[in-house]
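The following block contains the structure, expressed as structure tokens.
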């Protein structure tokens, strides 16, 4: 056939060496994004005075602009802010000390945060108000009620959407190469350029992503089934 | 008129219709009663081939349809002779009441829009919904939706009207408006088969009644006879169980 | 990196970037329309359970939803001509724009087909039976009754796909298509005022996606006016 299977398999292994970077990018940004997302969701749900409209704008802006923009705005804009702040403290040119991957993670976390905040918001809204009332009735503080009763149920309800976002961040990690952080996709380009076998290299990379995506969806489905087993009620 | 011969239908290992023979004369109203699972709805749905019977013949007027060998064209022609009113109304939700009635006249019968509109308005006025022409089903009560369903069926001038438990999904207070509509339609001389649980209504409106159980016709005859003097033990049991109709019937005769 | 921040550049860049607005919107529109066509064709075998073909379509959908768009873009832009070359076809004259639109159409098509399947599934079977009962053919029932309602219900998802297409268009420059993002980059390189260029660019993307969102919300309200409980709720929080 006109497809060099042997090279493709070799390329697959070469490319897979960058898997840890991809994992790290995806997971760190998702986790940080979740923290941001929960904070933002709570701010909006409780209509905190100054922060709420700011949070709404943040979410709207992130969702209305490409991820590449987030990356570039952080990469080019953060140093400006940091250096301004740094010059007040007498430490000039702090920004050059920050590794590229730091910019990438910051940008991706902000991206994830906005999308996750929507997921958390709808998840929390889906939790019956009666649950909160019952928590107050047994004497919990608001913090305890949210932490022990509402958020766990909200997260369980949002599992499919969470999985979608993780997949989205996995796919988005390909953009890291524009800032020369070498994850799977960046590696694929290097491999392709070296061997002049673009078709096989990118096919291998695509296959890798496909496999990871299917895996994530699978795990999410299993997790959902386990959680819903407890939610079903009854004795059996 | 409509004649059913040897209708058989099985779902997997379960034989739901075990050879049904039935004849309804032109202009006659026939009620089909029986416990759930007796096959009444399946029988009706076999008549207009929404369910494909395993064997049997349905003859409407001079046209006979062999249910086993019927081609798609035969079935389409056959369906043009029947009209159906569904338990769950099944109105086209993205169309207004008027559009619901007009749709088949234009799309299936090839009428012009203006002619279809005229006919549809008349049908809707006939069922008492002349003032709801431009309402979407979501804004109509169950009883109103069902009446639109009836208008949609009769606007096509079917030779036979099939009604599959027309009031079973309705809130009790909406049942009578639909029954009134059906009564009025029946009075105009259209051939009807009604599957229903409304025994008092069946007794009053139907010329003849059929009692089914377990896929066979257990008893049939003139409604008055069947209700007063049921011949079979099963029919007797059924009527006794649902006998509330007797009280209803006698109350109506007093009023 | 670069010179000190100068807000005046932002406004200047805004105007220069808008010169390439047409190309961007062309990419978005062309790939979405083609994607709708592809999505529709791909949904049919699965809706009607045509053997073999429905499995192929399922694999296609899984692939284009399961891989990053950038990977798809590079695979098709670099890989397709290479493979074509091996079997004797010369694709070197084909403009990069064509590859971009092809990739985006295939990508969008996968999501569209899922949206159509979900939309069709949401129309209750009873209406189809009523359509048959009044004498419609299967084709008439699908075109007149099922499809309009399926599309109306899928509108929020389709709107998201269009806006997603707008955002994905920012990646076209990686294969040499000069649209707004590519322009922003060259402006940045030329003037060393990168942040201003990307601020201007972000403003444009933001404004356009807000406008699209608003437009779709209005369209939704009109198309779903027969279901007052659903209209205006939209798919976005």
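In order of appearance the chains are A, B and C, and numbering begins at 1 in each one.
The working rule: a contact is a pair of C-beta atoms (placed from the backbone, for glycine too) under 8 Å apart; a residue touches a chain by one contact, two chains touch by 3 or more.
This one's a predicted model, so the numbers in the text were calculated from it and none came from an experiment.
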Subunit B omitted: connectivity of the other chains: one piece
Highest C-beta pair count, chain pair: A-C
Identity of the most central chain, Cα criterion: C
Separation of subunit B from subunit C, taking each centre as the mean of its C-alpha atoms, in whole Å: 47
Distance from subunit C to subunit A - Cα centre to Cα centre, in angstrom: 22
Distance from the mean Cα position of subunit B to that of subunit A, given in whole angstrom: 57
List of subunit B residues in touch with subunit C within their complex: 48, 50, 72, 76, 79-80, 82-84, 86, 88-96, 103-104, 107-109, 136-139, 149, 152-153, 156
Subunit C to subunit B touching residues, read off their complex: 124, 126-127, 129-137, 140, 144-145, 148-149, 152, 225-229
Subunit A residues touching subunit C - in the complex, by the definition given at the top: 2-3, 60-61, 63-69, 72-73, 76-77, 79-80, 118, 121-122, 167, 170-175, 178, 185, 188-189, 192, 197-199, 202-203, 205-206, 209-210, 213-214
Touching residues on subunit C, where the partner in the complex is subunit A: 1-2, 5, 62-63, 65-72, 74-75, 78-80, 82-83, 86-87, 163, 166-168, 170-171, 174, 181, 188, 194-195, 198-199, 201-202, 205-206, 209-210, 213, 236-237
